[in-house]
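By letter and in written order, the chains are A, B and C; residue numbering begins at 1 in each of them.
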Amino acid sequence: MVDNKQQWKAWLYLSPAIVLLLVFTVWPIFNTLRMAFMEGYGNMAAIGGATFEFGVDNFLKVIEYKKFLQCLQNTAILCVATVPISTILALLIAVALNSIKPLQKTLQTIFFLPYVTNSIAIGMVFAAMFNIVGLKQGAGVADTWGIINNVIQFFGGEPINWINAGSSYVANMVVMIIYIVWNALPFKILILLGGLQSINKQYYDAAKVDGTRRGRVLTKITIPLLSPMLAYVIITGFIGGFKEYSSIIGIFGEIMGPADDAGRLNTMVGFVYDALERDRQGRASAAALILFAIILVVTLINNKVIKKRVHY
Amino acid sequence: MRKRLVAILTMLVMLVGMFSMSGCSQTENVPNAFIVPEAGFNPNEEVTITFTHTMGAKLQDVLNTYIEEFNKIYPNIKITHQSAGGWSDINGQINTEIAGGTQPNIAYCYPDHVAMYNIAKSVVVLDNLIASDFVISGTNETLGLTDAQKKDFIASYYNEGLAYGDNLMYTMPLSKSTEVLYYDKTFFAEHNLSVPTTWDELWDTCEKILKIDPTCYPLGYDAEDNWFITLCEQMESGYTSAENGGQYLFDNAKNKAFVKELREYYQKGYFTTQELYGSYTSNLFVETTDTRCYMCVGSSGGASYQMSNNDTADGSFAFEVGVAPIPQYNKNNKKVISQGPSLCILKGKDTTDQQVMASWLFVKFLCTNVDFQAEFSMASGYMPVLKSVTENEAYAAWLEKGNGYEYLVAKCVQVGIDGRDNYFVSPAFNGSSTARTQVGALLLKCLSGEIPSGGSVDTLINQAFQDAMDECEY
Amino acid sequence: MSNINIMQERNIQKISAGQKAVRVLSKTGTYIFLLIMALIVLFPFYWMIISSLKTLAEYRQAVPTFWPRQVMFGNYVEAFTTAKLGDLFMNTLYVGIVSTLLSLVITVLSAFAFARLEFKGKETLFGALLATMMIPGELFTITNYITINQLNWMHTFTALIVPFLVSVFYIYLLRQNFMQIPNELYLAAKVDGTSDLKYLWKVMIPLALPTLISITILKMMGAWNSYIWPKLVANDDAHQMITNGLRNAFTDTSGQANYPVQMAAVAIVSAPLFLVFLCLRKYIMSGVSRGGIKG
């Protein structure tokens, strides 16, 4: 099938994208590479006239960092936990939305509203929901326990210290996972809903005639036909998950952890930011490249697994 | 003959001496020192300068008015200004602009920011500009600061510009805030309590207050990092130093001892902080039901947050708020932290001398103009940096209005001016902001952290200090 | 005979009644699930609205209130009068529309090439594109800033539009969508002598309309929310974008924002966007039922 005309045409169609990518993406990546291999490189220092030697010191410094493994672990946990949960939830919501008649429009509109909600508001809601105010040490009393704890108490449970000083790592992670899933839902619903609409209705009509059960329709028709979109949502979800950072700032603030344990929830990109703030572009670039290598491996595995199952 | 020769020689030597003195009185052997050119500032040459700040719309209105005033003196200097958003935004933005060579001529700054710009050698050293006695033609102003102008500055604010470890002047103070002790005056009078001036007195007061109201937190302290730094400074125990590119000195026995002491008081319920409480402690302070706190250390710039929510319709308060200086460790070494924006002048390779001098003239105008300082203070709630502002009629009238917000600000300003000899700024270098974050977290960990099994409080404290040092030195 | 008939009829009725019960039950379940999720998703929006109606003091309270004690419609008035909302809105709309249109063209062409055309190095190129998504974009900022400066694009709309025209994210999304469309259609069109572009225009674009609308919405949202980049390259009055204008208008000396007023401003400027969505929604939901893939 590879004929010359198609070759020529393909590159023509791709040319605007490629030109722009070369200037605004590839060139910066090249710069990143350069900085990563210049020992102790800092932008400000470079302008100030400092010179740097070529070497791998930046990479060593990143690996030597006491909390490097912690950053890596946090990143991995967040990624592995949030992608499946948010994808499954989004799929269920999209399918449900697609299957109803009354209220459909209203509900679709509601699921779109997060898009026009200011991100500051989203962060604040979470703080308010999980934050315990005025917890007296040991006394078990507080001024306010937060809505989530109120619900737990309503069902007779013990309130949990989610994010404040003295909270556990597990509790912190649960909050982060809920927050990230919540944040990811609207986008995934939108994409999957669009995908569902592209499925030919005849398949469903055929299933209806055969009296196929709904569960079976979902697994045998919807999911296979939606698989390109699902693949997309999962792969980009993983890539985004590995770059998780701002959501942690949203809940825990700049210290990236509960008040008494700064940096406990720091991630790889968080590390990159910290380095950038201290004029250590070299170290930041090295960390970014290490992260890149990790994402690349995971994406390749993802691709292998998904390719077998995607139905085009 | 010989006498004449000696006389001539002496004169020559003196001349050369004078010449070299006038030539070399400018600091030259510093890489980014600005040398005032012999021709000085040219008031006829058009020049445009840019100014990046974080002012909201209200303050920008004040600024625009005074740009007009400034242009009456220097019609050839065109000033464009823009807001870069919040404090956390402006630093990153200017870093990028320095990288692109498009930095503004003047920027709002905190010492930590300036330390970063300094790595790129982009900050103009002001010493020669300040010292210049060049008279600008068409005006009767000198380029530099007159002695009267220098004396009018609150000295410790002025000295903030020298916090960079090399004894050179990098910034001019614009508007300042400090930490003050807000207290419930009504409650203090009712129970015959005196306002603490030392930490020991404070702890005694806390004990008494707890006996009166066992559910309260006697003291709320909003900023943990400020507390740690202030105590280091008051005890002269060492925090950081800007020398040799920055050193971290806070890991020492004296600091560990005071942290341990604070932990005991925290466990007794004497105080809480913003992070430990889970919200601004000023919220506790203004509260009149539920859990309360009767003393609150917070920024003088945040006076509006220290007013009771339950203000009655006639404008009177649910309780009267008193403002006092923060407690001290040693009455012979009083120290209070100073915060708030300063101005720095930036230069790149395309910046002309004329632009630098024009920028300096504008900086000088903003920092030394009594009317501007007064109006800016009224609009922002921050304190003016000049002593003479209190003599300004409009300002005095504003301070005396005596109700609500102005009343509190007036008190804060008064406390601020009374304590003007005690201000300090922590040293600034690349990494000083990390140190600040780390000591804040360290204090919190030491106050509320659980004692590790098989260890003692000291194990916890040593570990916390070690962790903080590791992060700083990484 | 008739008895048996009646029995059978009854049986049928019974079965359908049972089926009906199951259907009603599952429908109810679906609605309950959707309503609960809707409530959860809606909560931040609700929070934004009530925050915009609070006084600053109430907003800062330790124990948040779920309904403003004193409803401050004044915040909306202040938001309207303080920030130059009109100018900000027009600038953002311009950038949003131009960048969406150009971006759609580039994305459609690229996605078509990747989904339908065969050329050497296709897989490698696509893999490389995906790889560019894996590096944190923050590292690019300084280099791109310098590039823009050298191109003399500072303080122009070009600087706001061009660097973000290509999104691998969207190319990938649309490629997935195009690949859902059976290849037979394309081959049939080839046999008929239809040109690529005509086929793209007449067949692929209508079929991928829901995805294209999604991209449009996301791209418009991008213009609405962009903050860091516009602040660097075009923060002057003539080009200022909405988020920048809003963030800058309501801060005090210490750079702290007056959040209630800011929220009010956000709510005001979100309204048109919301209307745009309402108009576009039916296209997302229209689907291919009338598109006619007969396969």
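Operating definition for what follows: a residue touches a chain if its C-beta (ideal position, glycine included) is under 8 Å from a C-beta of that chain, and two chains touch if they have at least 3 such contacts.
Bear in mind that the values here come from a model prediction, so they are computed numbers and not experimental data.
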Steps needed, at minimum, to go from chain A to chain B via contacts:
1
Quick one: most central chain, C-alpha centroids?
A
By mean C-alpha position, what chain is farthest away from chain A?
B
In angstrom, rounded to a whole number, how far apart do the mean CA points of chain A and chain B lie?
39
Distance between chain centroids, defined by C-alpha means - chain B, chain C (Å)
43
Chain centres from averaged Cα atoms put chain A and chain C apart, in whole Å, by 17
Two or more other chains touching the same residue: where does that happen in chain A?
43, 133-134, 143
Touching two or more other chains, which residues of chain B qualify?
92, 99, 277-279, 284
Going through chain C residue by residue, note those that touch at least 2 other chains and give them in order.
62, 142
Chain C touches which residues of chain A in the complex?
1-3, 6-7, 9-11, 13-14, 16-17, 20-21, 23-29, 31-32, 43, 89, 92-93, 96-97, 99-100, 103-105, 107-122, 124-125, 128, 133-134, 143-144, 182, 185-187, 190-191, 193-201, 214, 225, 228-229, 231-232, 235-236, 239, 242-243, 245, 269, 272-273, 276, 281, 284-285, 288-289, 291-292, 295-296, 299, 312
Residues of chain A touching chain B in their complex?
42-45, 47-49, 65-66, 131-137, 143, 164-166, 254-255, 259-263, 277-279
Listed in rising order, the residues of chain C that touch chain B in the complex are 57-58, 60-62, 82-83, 141-142, 145-146, 149, 154, 228, 231-232, 235-236, 244, 247-258
Using the touch definition from the top, list the residues of chain B that touch chain C in their complex.
54-57, 59, 82-90, 92-93, 96-97, 99-102, 175, 177, 277-280, 282-284, 286-287, 299, 301, 305, 307, 309, 340-341, 380-382
Residue numbers of chain B touching chain A in their complex, please.
92, 95, 98-99, 116-117, 119-122, 267, 269, 272, 275-279, 284, 290-291, 430-431, 433-434, 437-438, 440-441, 444-445, 447-450, 470-471, 474
